[in-house]
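Below, subunit A partners subunit B and then partners subunit C, in two separate complexes.
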Partner chain A sequence: MEFMQVLSSFADVSVWVSLILGVIVGIIGGALPGISPSMTIALMLPVTLYLPGVDAIASLMGAYQGAMYGGSISAILINTPGTASAAATAIDGYELAKKGKAKKALLMSLYSSVAGGVIGIIILLFSAQFLAKIALKFGPPEYFGLMMLSMALIAGISGKSLMKGLISAGLGLFFATIGLDPIYGSTRFTFGNINLFDGVNTLSVFIGIFALSEIMMQLSLGRTELNKKPETLLMDKDTLTIKEFFAEKMNILYASIIGAFIGILPGIGGSTASFVAYAFEQKRSKHPEEFGKGSLAGIAAPEAANNAVCGGALVPMLTLGVPGDVVTAILVGALIAHGIKPGPLLFVENIASVYSIYIALFFSLIVLSAVGHLGINASATIVKLRKSILLPLVFVICIVGTYSSGGSYFDVYAMLFFGVVGFLLRKYGYPLSPLIIAFVVGGMLESNLRRSLLLDDSGAMIFFTRPLSAFLLVASVVFMAFMVHSNQKEKKAAEAKKEEVADEDDLA
Partner chain B sequence: MKRKSRLLSIILAVVLVFTLTACSAPAKEPAASNEPAANSEPEKKLDYPTKPIELIVGYAAGGGTHLAAELLAPDADKFLGQPLNIVCKPGAGGAVGATYVAKSKPDGYTLLYATVSLPTSLYMSDVEFEQDDFVGVAMCSDIAEVIAVKADAPFSNAKEMVEWAKANPGKLTWGFPGVGSSLHLTGANVMSALGITDVVKEVPFDGTAESVAGVLGGHITAVSCFPTSISEQVKAGQMKVIGIQAKERPADWPDFPTFVEQGYDATLTSWRGVFAPKDTPKEILDYLDKAFGELIATDSYLERATTLGEGRAYKNAAEFTKVYNDACPAIKAVVEKLGLSAK
Partner chain C sequence: MKKVHHEIVSGSVITIICALIYFILIPTQVKLKPNAELGPEFFPKLVVATTGILSFAHTMIQLRSLKAYNASLKDISFSIKGYIDHIIFIALGFAFLLVVEYLGFPITVVLLLIALLFFFGSKGIAKNIVIAVIYGVSLWYLFNVILKISFPPGIFGI
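Here is the complex of A and B:
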């Protein structure tokens, strides 16, 4: 029983110390805007080289899961997503924090992260080999189909006006085209500035659109409001009930499956997964109108999804030797340094190391729930600060965080620019989520479309001669039509209601 | 209550400082163990270095080039007399970092860790530096690229591949990570040496992982990548190597046939190394030449480089400058042939 042997190696105290330290470093790295999960792991890597194999794996897996959760802390408390994967969490999380329910939001985020992580591992455990085969079926046309489906979801979260949602999404797609053309390498909208060759820094867009525009909105509240003492009374009584958590059980399950599946496909990653899960849940929900106004379901979905990505992203790494995202790409380097060569032979030659990765990932979630819980009370006190103190601090965090992601002032200017864009859009009632989703998905949508067209001479027919991509494209059209239809029905219902009220007023 | 919020403000301020410094955190580790007084160069009264030296990497933290640069950091203070801070300034295929170094003061405190993409960006985009803005200090590694295909491909060596490609024009698709990346150029160099540039199709991907998955899934025919990306798949019998681009078989990969031994002249390799801005004083360049030479020669460097799969291929300042200056026209030719030239 090799599994039991590996399990017994986790009885060592040093393994648990590594797990706990890994999780703590991960949460801190994730929570700090500008330090991405991949950067956190990259910073830890040199240290882990001096640890024994199991300890190193434990600390890296702990950091991976910790960072995926950590991003939500700053997203919820100060509307500044600490990681790209937490951007979707900011939408509802910050609304809850504003209502004095920061602790509830953080607890929801923590437990959905843990639940999502566990489901991700279960999927990894039972179907790694099978899923890897499916992942390989996804060529450029299938990626394109999947991206189209994600774009179709945007129609669902456009809010009241479909037109405004589409304009916002159009802007997002435009920002995604800035930089080098993915196929020809020619420059587009860069104005000769090499800082724009790789496109706009994702973090500049996220922090600008979410955090900076929020600061600007708050400033318009006026001095009395900003100097008011926050109502702290709510804080202490505010906690997450078991009932509230279990109300989201199906939501978490679906979101985790979405997250794990997107994680399996190389190159897509956590931010797309969490937005797709968010939009999916909003459509599934009985109370879609609560989304964007502080819905717990709006936190559970993206957080479960982005932790499930971890399990998913390990599938192609362990079975094919192809890392599923940037973090796993760095993990490959760490594992090789410890004599574990991820690849198709790993399951045959070194099953013990596969087990130890599974077990480390699972135990890291147990540690995450404990460590995360302790951290919540401390971090949630941020909302006790009055806004006249908090907002300037958040503004500085925006600048420092953006700078540290790439050591470039240009990214900071871009962040300021996107702050103004976000402010104007909010002022005129344009929803921000379509812009963000279109920006995240846009690059891959375009490059996979163009890559597909290179594959053979049939032109656009390639999307329909391959069953999987044809299915995905048809599904996105059906989905979009369904969304537009239900959107109009809602609108009519709302109008009818208004008329009814007006009639009643007339009668009175 | 008031005290509590003041405390919180302080905590937030500390968090800020941490965020600011975290970017260069790995480089700070050797700084902690360094005794600033220990100067191991008594024979010469060169007033250099008196502060830590920055090594700029033009790629994202955690990427292959950054990890390769980190190999230099652990013992650097013993040989350089000061710690080496690795600073990532990613963007534009390394050109953002290169521009930063080209424009910095040539005082030996700002150096560049660059790859064979440095000449590429000279010709591919309108950058604000020129070929002779840099002089080589030390070449650290030199990696050969492979062309690999799925195990059930209808050809197994370079000659068969040429025949198949010519018999099926437009059917052979080959992938690589990003337009103008070093693997794009080296791969294109192979296709050109095989004389099949016009009958094959290039498919740029967003990364090596996606392009290897593309071959395994049968979506493209071949991939241009480094041996470590496909060695496990080859061992498992899922992929096969058509050829490795090097003058002779590298010691780490004795089973991969070179294109040269198959009768095709393709020898463009991917090197990585340290550069300095051109006007750096000669005494400082000599000092760096010697120090990096000794550092790279140590067993501990070799050990670190081997575990990373990076290997060691040292060349001193004069030799490396020649490698760089020789690579420039060769790469210019490939860039022009690919129609990627900016000028």
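Here is the complex of A and C:
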């Protein structure tokens, strides 16, 4: 009954306008190299604060799906992936575009993304309710275990150095303590400034850390480089046939399942999903030799996988309140700003919001296929925009967006501060994703830790006397160890490859 | 080599910041609750101490690796030259915030955009002015008129 009521709210024209705008903004953000999906959503968030609930959810979900597809446009046309998850698409996409088949490549990418997105939603529908039911039995120690599991994903996103990832997360946790203490209500690090009593404005952190620091990094490239016009390949008339698309149906199905399950696991994300799906399809294919030379299968697999990640990543986010990656961390912040608190209680107290998210995700895919198809020729223009024009425009959006989220210029000062912090951390090789994830889960982590410790006299033993919290803590440690091990393995493989190349150069 | 120097500098700076927070900021900026079990300072202390220890350990590891490169701490140098553009850029942001209260949002944002477009290397005076005016006014219209977000008016009443 409630589902039908929510569905009827999507009959409103304003919801569809929000969906369309969300998808367009997402595609543009994803297509522009240097503007990540997380940055796109962070920049769009202030505008959504002024929209009614369903409209806001629709625009956010539209932007999420749009950005995941948008990354492939620049990957195919200028061999520069707009997002990390589109890196695998560039391998065959650009090769196909060089052969004069850019349109075919873009259409394959679009429809694989849509198909992958649909399969991701189906997996979300089947697993979310079940997981939420289990999570309803959680108390503070179990929640603390969950938050620790979320923190453990930092090991996976720390890049080359786990130590630097942990330091970055420590800074994020510290920033989360600014404001009123969650248990006693005492002020902390507010310097008597009333603007800090509710903590640092989440948007100031998101926009400063992601958008502003990125602009500052790009500034280091120099004006000549920033003013260069990207070379794009000409759009041809050779389009994708239905036969060619359906020839990849099993490829898309497998890639989507891989993508959705990788999305559910915290900390792995779209780029891994697309490369795993690419490698899987190459092994499965009857013509593996065509991969890397402009194979349509090489575009379909990563694109289906990275859009399926969206549905998968929403499973832990909605049911447990645990963000699986940076984009979902920002979505958690966005939903909280709209009065929707992700977690198992959401499925009991506010099931209408859950339905809105499901429906918005599904409709955003329909809009994506239409907007993506109609705008295929315009996409070549988007990626041609010079950075010397794009970056100032983005900076102004950062200022206006941050101001409008709280109606105070203090938040803009905070955004500039976090921009500098983000820039310095990036400059010195500290990953920013751990900082954002720690900042988002920091408040919950602290209150659940302290509440658990105050529950009885057993102290820290409480986490080990309750089976589920003990399991979650052990799982966090195992997960972290696994991530560290695989990171080191990758590092060693990269070093070995480097040495091999050096030896070959010497021989030459 | 330069990378190791970077690691040492960043690790040391974070360690010092953590020490300052732990010993100066927490005692002065956290309002303590007398007799409270696990008071408001508990979690910040835990976080800052852990981060400080990690960054100290990171610095020490990098210091040890200096030997492998046969280098010393004396080689560490810092030049502000590479950061001048970034400083000007952030200064433009602060200048905007100072001026916006007097000139109002639409005028200040157009001026900021013109300055930024030239600063980022976009060529063509007329082109930059047109972009700045169209974009600035569109943004103001979107936020102020459509989304009803009020920006404090400046001396010209807008």
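Definition applied: the second predicted complex is superposed on the first by the 269 of 508 C-alpha atoms of A that agree within 3 Å, B and C clash if a C-alpha of one lies under 4 Å from a C-alpha of the other, contacts with A are read in each partner's own complex, and residues count from 1 in each chain.
Here is the rule we use: a residue touches a chain if its C-beta (ideal position, glycine included) is under 8 Å from a C-beta of that chain, and two chains touch if they have at least 3 such contacts.
The structure displayed is predicted, hence computed values, not measured ones.
When the shared chain is aligned, subunit C comes close enough to touch A:Asn227, but subunit B does not. Looking at the shared chain after the overlay, A:Ala87 reaches neither subunit B nor subunit C. Of the two partner chains placed by superposition, only subunit C is touched by A:Leu453; subunit B is not. Of the two partner chains, neither subunit B nor subunit C is touched by A:Ile299.
In the superposition on chain A, A:Ala260 makes contact with neither subunit B nor subunit C. Of the two partner chains placed by the overlay, subunit B and subunit C both lie in contact with A:Tyr403.
In the superposition on chain A, contact of A:Thr187 is made with both subunit B and subunit C. Comparing the two complexes, residues 181, 183-184, 187, 386, 389, 393, 396-397, 400, 403-404, 407, 454 of subunit A contact subunit B in one case and subunit C in the other. Taken together, the subunit B residues at the contact with subunit A in this complex read 4-5, 8-9, 12-13, 15-16, 18-20, 22-23, 25-26, 29, 60-62, 66-67, 70, 74, 87-93, 95-96, 99, 124-128, 170, 173, 179-180, 201-207, 209-210, 212-214, 216-220, 228-233, 235-236, 238, 307-309, 340. For subunit C in complex with subunit A, the residues that touch the partner chain are 3, 6-7, 9-10, 14, 21, 25, 29-33, 36-44, 47-48, 50-51, 54-55, 57-58, 61, 82, 85-86, 89-90, 93-94, 96-97, 100-101, 109, 112-113, 116-117, 119-123, 131, 135-136, 139, 142-143, 147-151.
Of all residues in subunit A, only 29, 32-35, 38-39, 41-43, 45-46, 49, 135-140, 180-185, 187, 192, 194-195, 197-198, 266-267, 316, 320-324, 326, 329-330, 333, 336-337, 341-346, 381-382, 384-386, 389, 393, 396-397, 400-401, 403-404, 406-408, 444, 447, 451, 454-455, 457 touch subunit B in the complex they form. Residue ranges of subunit A in contact with subunit C, taken from their complex: 47, 50, 163-164, 166-167, 170-171, 173-174, 177, 181, 183-184, 186-191, 215-216, 219-220, 223-224, 226-227, 386-389, 391-393, 395-397, 399-400, 403-404, 407, 409, 412-413, 416, 419-420, 423-424, 428-430, 446, 449-450, 453-454.
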